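Report on the following structure.
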Amino acid sequence: MQNWISAFGGRQRLLQLAALAVLLLVVLPLTLDIFRLNLIGKYLTYAFVAVGLVLCWGYGGVLSLGQGIFFGLGGYCMAMFLKLEASSPENTAIQSTPGIPDFMDWNQITELPALWMPFHSLTLTILLILTVPALFAFVIGVAMFKRRVGGVYFAIITQAIASIATILIIGQQGFTGGINGITDLRTLMGWDIRPDSAKYILYFLCCVLLILCLLIGQFVLSSRYGKLLIAMRDQEDRVRFSGYDVANIKIFVFALAGIFSAIGGAMFALQVGFMSPSFVGTVVSIEMVIFCAVGGRLSLIGAVYGALLVNLAKTLLSESFPQLWIIFMGALFIGVVLLFPRGLAGLYDDFVQPHIDRFLASRRKSAPVKREQPIEPVQRSKPQEVTS
Amino acid sequence: MHDSTRKTPAWKRHLLAVALGTGLGFAGAAGAADHPTEKVSTTGLAVNDDTVKVGILHSITGTMAISETGSVEAEKLAIEQINAMGGVLGRKIEVIQEDGASDWPTFAEKSRKLLTQDKVAAVFGCWTSASRKAVLPVFEKENGLLYYPTFYEGLEQSKNVIYTGQEATQQNLAGLDWIAKEKDAKTYYLVGSDYIWPRTSNKIARKHIENVLGGEVIGEEYYPLGNTNFGSLINKIRLKKPDVVYASIVGGSNVAWWKQLKAAGITPERQTIVTISVTEDEVLGIGGENIAGYYSSMKYFQSLENDNNQAFVKAFKARWGEDSVIGDVTQAAYLGPWLWKAAVEKAGSFDVDAVAAASADIELETAPEGYVKVHENHHLWSKLRMGQWKADGQAEVVYESELIEPNPFPEGYQ
Amino acid sequence: MSAPILLAIEDLTVSFDGFKAVDGLNLYIERNEVRVVIGPNGAGKTTLLDLICGKTRATSGSIKFKDIELTKLAENNIVKAGVGRKFQTPSIYENLTVRENLQLSYPTGRTVFGSLFFKVTEQVRERVEAVADDIFLVDRLDTSAGLLSHGQKQWLEIGMLLIQDPELLMLDEPVAGMSVSEREATADLLRRISQNRSVIVIEHDMDFVKDIAHRVTVLHQGKLLAEGKMDDVQRNEKVIEVYLGH
Amino acid sequence: MGGYSGQELTAIFVMQGFSGLSLFCVFLLMALGLAIIFGQMGVINMAHGEFLTLGAYITWLISELASTSPWLQQVYFPFAIVAAFAGAFLLGYIVERVMISRLYHRPLDTLLATWGLGLILQQIYRSTFGPREVSVGMPDWLMGSWAVNDMIDIPLNGLFVMAVTLIMTVGVVSMMYRSRWGIKLRATTQNRLMANAAGINTKRVDRFTFALGCGIAGVAGAAFTTIASTGPTTGSLYIVDTFLVVVFGGAASLLGTVVSAFGIAQSQSILEFFLSGSMAKVITLLVVVGILMFRPQGLFASKVRR
């Protein structure tokens, strides 16, 4: 039992995770109506990306400004499946070619493209949601990390890839739905995803998947691999000259973050009911990084709170002060970076956790709680990180 | 805010606008007493004895704020005028405004909020096709009513949407007919920003050119949104010398396109260009001197000389400042509240089903663009006008078609 | 006395934009030998270690380690072949504890999945503690490595190499910044660990060099200037001219 | 290309070359400021586009003032460029002082903070100048084209942008390699500690360098009013391309930036001529990213002994 606890991040982390689970699975559903809960569900899909970024940026030191690509891959895979189901010959009888998605019909496509074929099957779709981003991350990772492209360069190149992806999706509208995206998604295996009851179920599914991802994340970080990530950020050469293939370590964490993002994207398509290229591009990708930074780039659970709070603030502020919320967001990013580089999690560690520790210690004097050491977010990366 | 630079104090502008609005001569409203709330609202909409709530949903922030500002202003003006006349079924209209932030899920989210939380009786909003596509399932599921102002690609029809702008056949066909005749045009070059509306419009244009006009399309190409370099395209046009360039370039690209055309020594005398994406709003950014002499194919221009329009322009300027310009979409947005008012009064109810059903055949004699009528497919019968731009940023209407029936699913053009 | 050769460097050259940092170098290291490389600044000493461990790629020439050609091998595979290298500035993982530093260096589970499912067995624990004992850090095992003194950090890095049991150990200025007593302890440590492996040391401290070196190699401007016993080298006039005489 | 006369083809060839050159100038003018800030200081300034926008709005304000008199209308533009430089320089100076100076050891964090700054600036522009695009009134000598012969028209605004680019590039290069500031800057970027020890006030060098980079962006903004739009989001259109230009050239090399801007601009321009605009863009970007994967240090990066 003790082994299991430490394998998944130790007692303190697991308790924090349990608290999050209670909040998401019990407190919020009981206090919010379905409209707000559905919003929270949408924000949680961003949290998947933020959690992946904690692993790959916070711990692995690999900042990707293209996480939207993976979110989009997951989202589009799911949306394609749902769209095919919504485009049954009966539903699309008025089209010149019934049985294909409406936007294809408008683009004179008379036959379902081969690219869409796999998405007739849910099993295959789920498989693709998990493997396509992993494969894509692997390819990018091999190309970049094996050649020691890192830091700033990696960030800019991933950003460029995200921008290419957006132009491609918008340009190939016959296959992708173009700028409108894939809209009007209705059922999953005959089950209507639009009524409130379905939204509840999807919300809970989303929470459960997120908690699973968090558990996987904590397992990874508690393993020797997690220590390696920290080691690599501190002294990449030392890791390399201890016999590790540094590139492989980075590729794995990048791929893992990609898979998490894709799961988020798929849940997004399910809960929001559409997918569009604006979730693939550069702007949304940077926003995801911000969620992660606000939550605390070294805290998996913090990233979830970060995604929730920033989006909540965005929604509430844009309702009351439409002009101000962008300025507020901008100020938030600057403030977090300048004043709280460890984000919400850092504030929590500094101000809240000591009280909890003291409280617990006074309750059970026999078992003093061991503080986990906060890790400073030092980035030793120099401007020119590429080794020639 | 954007109107802070203008001179007249807000209250004064407001009063003036209201006074002008009443002067427009719309039919007066009956008192609320004749229409008890429990009768006019049976589905739990936000209606009481004194007020009825409606939503305005446009982007105030983000990249689309450029385009959507005019629509917000027009919708607010119409609502203020209606209120000054006594409201709808004796109830004052209260506006709940939400910001779509140029982000489609935000549009979906806000529309759901307007419909399920605020229970608004109607929503005036959306601008891009993508935002409309994002909110459409919400409106259909929550049974809301959306008045959508933009000219768009068609291929859509919904019980829950009234399209006050033109669909693609209305905007393209008559204009092409005219230019083909006027300029004796045989060859056409189609260019556009790379997204759904230019592509669909050009598809319809191409079919019409090839199958009806017997002309030839000698080039068709698309540039990414935000592209600002058109040197190569201009050279291609120069080389192929089409009789007509048919352009649907939008946003920041639009400005670059016209400026670079002018700089490349291309003049309206040497090259006829018809655009379907430039209204008075865009000309503000392009600069009248850069586009003077070229044509826009639209249903409305600010310079229309009928009485309705003159009153409207006057009221709009009084309310939003003398510098305001009014484009096609702004006018279409202005129609929304009036069409809704007429349909509610015809139905005698705010219930969405009743209003939607009553909408067909609603007529508006007083529209700035002239007479309009709602088709049973929820689009408007409207005219197509060809405007030739002048250096002062206004257009001279050089052609006006008959009323055109809206046809969102055109046979033979798909 | 010729013991078998462990490392054979032949005609090794590397140039940076035309500047030859190592120029046609030949060098042979025997088994169980402690070789000290000395030379003035810029002589190419650190570059030589970089070349052997793969951090820098040779322009031409060969480096053979037990018949394995190292110039074509990836860094991590050079390590796996049995070459360990300590850097000039102590490079340890300051955010981890001494124990974690040593455990990470333990030479199994070095693939991604190996490290994900790595279990700290009794064997690993014993080995970590034995090495910690060697490097005088056994009572600091749970200290964060960032809190160690400079000398202790040097030891820890040596320990991280030792735990991999390399056949060739390369140390770049291991006693820089150490106190006299730490130096003596380090010399003692070096003697102990060179029992069953070869060691290449770069060092400026001549007393320390005398203390540990079996043989000394003097580099100058990327070329071999002299090689032999410390006493012979010290008497070599060329060496005195370029280096010791200053 | 059948059916065209040799003369026509020559004319197109000339004008097509010119069109590539103008795009090259646009890229280079944008990238110059970034090359200094990113290449020399390692700061990722995501708000670079907003400095450009500032320059454009300053130009617009001055053009509005100048529109009162036809004479002013003809001569205001050079002054507008100077003012755009000064405005962007000043803002850059303040931003460096308040924000960037605290982040030098965290390059990735400068990216986030400056992105936040970019958001704020965009919204400030939107609130101040309105969300709509504005049109900058051009003096006559900047309008229209220079007809070399019947076939060839060379756009005057393109020539103007080229001239500005040339002046800025020469200015920056001579500052970097000829002036005392250049020596100080290069000393600082190569070894900050040593530069400090040698009596260089590295903080002042940083501040000046960052402000200069922003100032150049301001000039770019002023120059771009002649060929493209001026709105709150104008600058952000260029940012991804520009970073790619700088990285592709090899971040620390000014020559690299010039060559990469030229290469990317010409290939995009030529591809645009033979393909559709969207595909040209995608292919150009893909090729650049592809080359970067094989040569991550960019085109021009010196091999340094470490």
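Letters are used for the chains, namely A, B, C and D, taken in the order the chains are written, and counting of residues starts over at 1 for each.
As a working rule, a residue touches a chain if its C-beta (ideal position, glycine included) is under 8 Å from a C-beta of that chain, and two chains touch if they have at least 3 such contacts.
Small disclaimer: the values here were computed from a predicted structure and weren't measured.
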Most distant chain from chain B by Cα centroid: C
Chain pair showing more contacts of the two, A-B and A-D: A-D
Rounded Å distance between chain A and chain B, as computed from the means of their C-alpha atoms: 38
Separation of mean Cα positions, chain C and chain B [Å, integer]: 75
Separation of chain C from chain D, taking each centre as the mean of its C-alpha atoms, in whole Å: 48
Rounded Å distance between chain A and chain D, as computed from the means of their C-alpha atoms: 33
For chain A, residues contacting two or more additional chains: 167, 170-171, 323, 326
For chain C, residues that touch 2 or more chains besides their own: none
Residue numbers of chain D (touch at least two other chains): 123, 126-127, 278, 281, 303-304
Of all residues in chain B, those that touch chain D in their complex: 1-2, 5, 60-61, 63, 65-66, 69, 194, 221-224, 226-229, 231-236, 238-239, 251-256, 259-260, 262-266, 281-282, 284-290
For the chain C and chain A complex, residues of the former touching the latter: 53, 55, 74-76, 79-80, 84-85, 87, 91-96, 100-101, 103-105, 107, 109-112, 115-118, 144, 157, 160, 164
Sites on chain A touched by chain D in the complex: 57, 63, 65, 143-144, 147-149, 151-153, 155-157, 159-161, 163-164, 167-168, 170-171, 282, 286, 289-290, 293, 323, 326-327, 329-334, 336-338, 341, 379, 381-384, 386-388
Chain A partner contacts - residues on chain D that touch it in the complex: 38, 41-42, 44, 46, 99, 102-103, 105-109, 111-113, 115-120, 122-124, 126-127, 240, 243-244, 247, 251-252, 278-279, 281-282, 285-286, 288-289, 292-294, 296-297, 301, 303-304, 306
Chain A - residues contacting chain B, complex: 35, 38-39, 42, 94, 96, 102-103, 105-108, 167, 170-171, 173, 178-181, 183-185, 194, 272-274, 276, 278, 315, 318-319, 322-323, 325-326
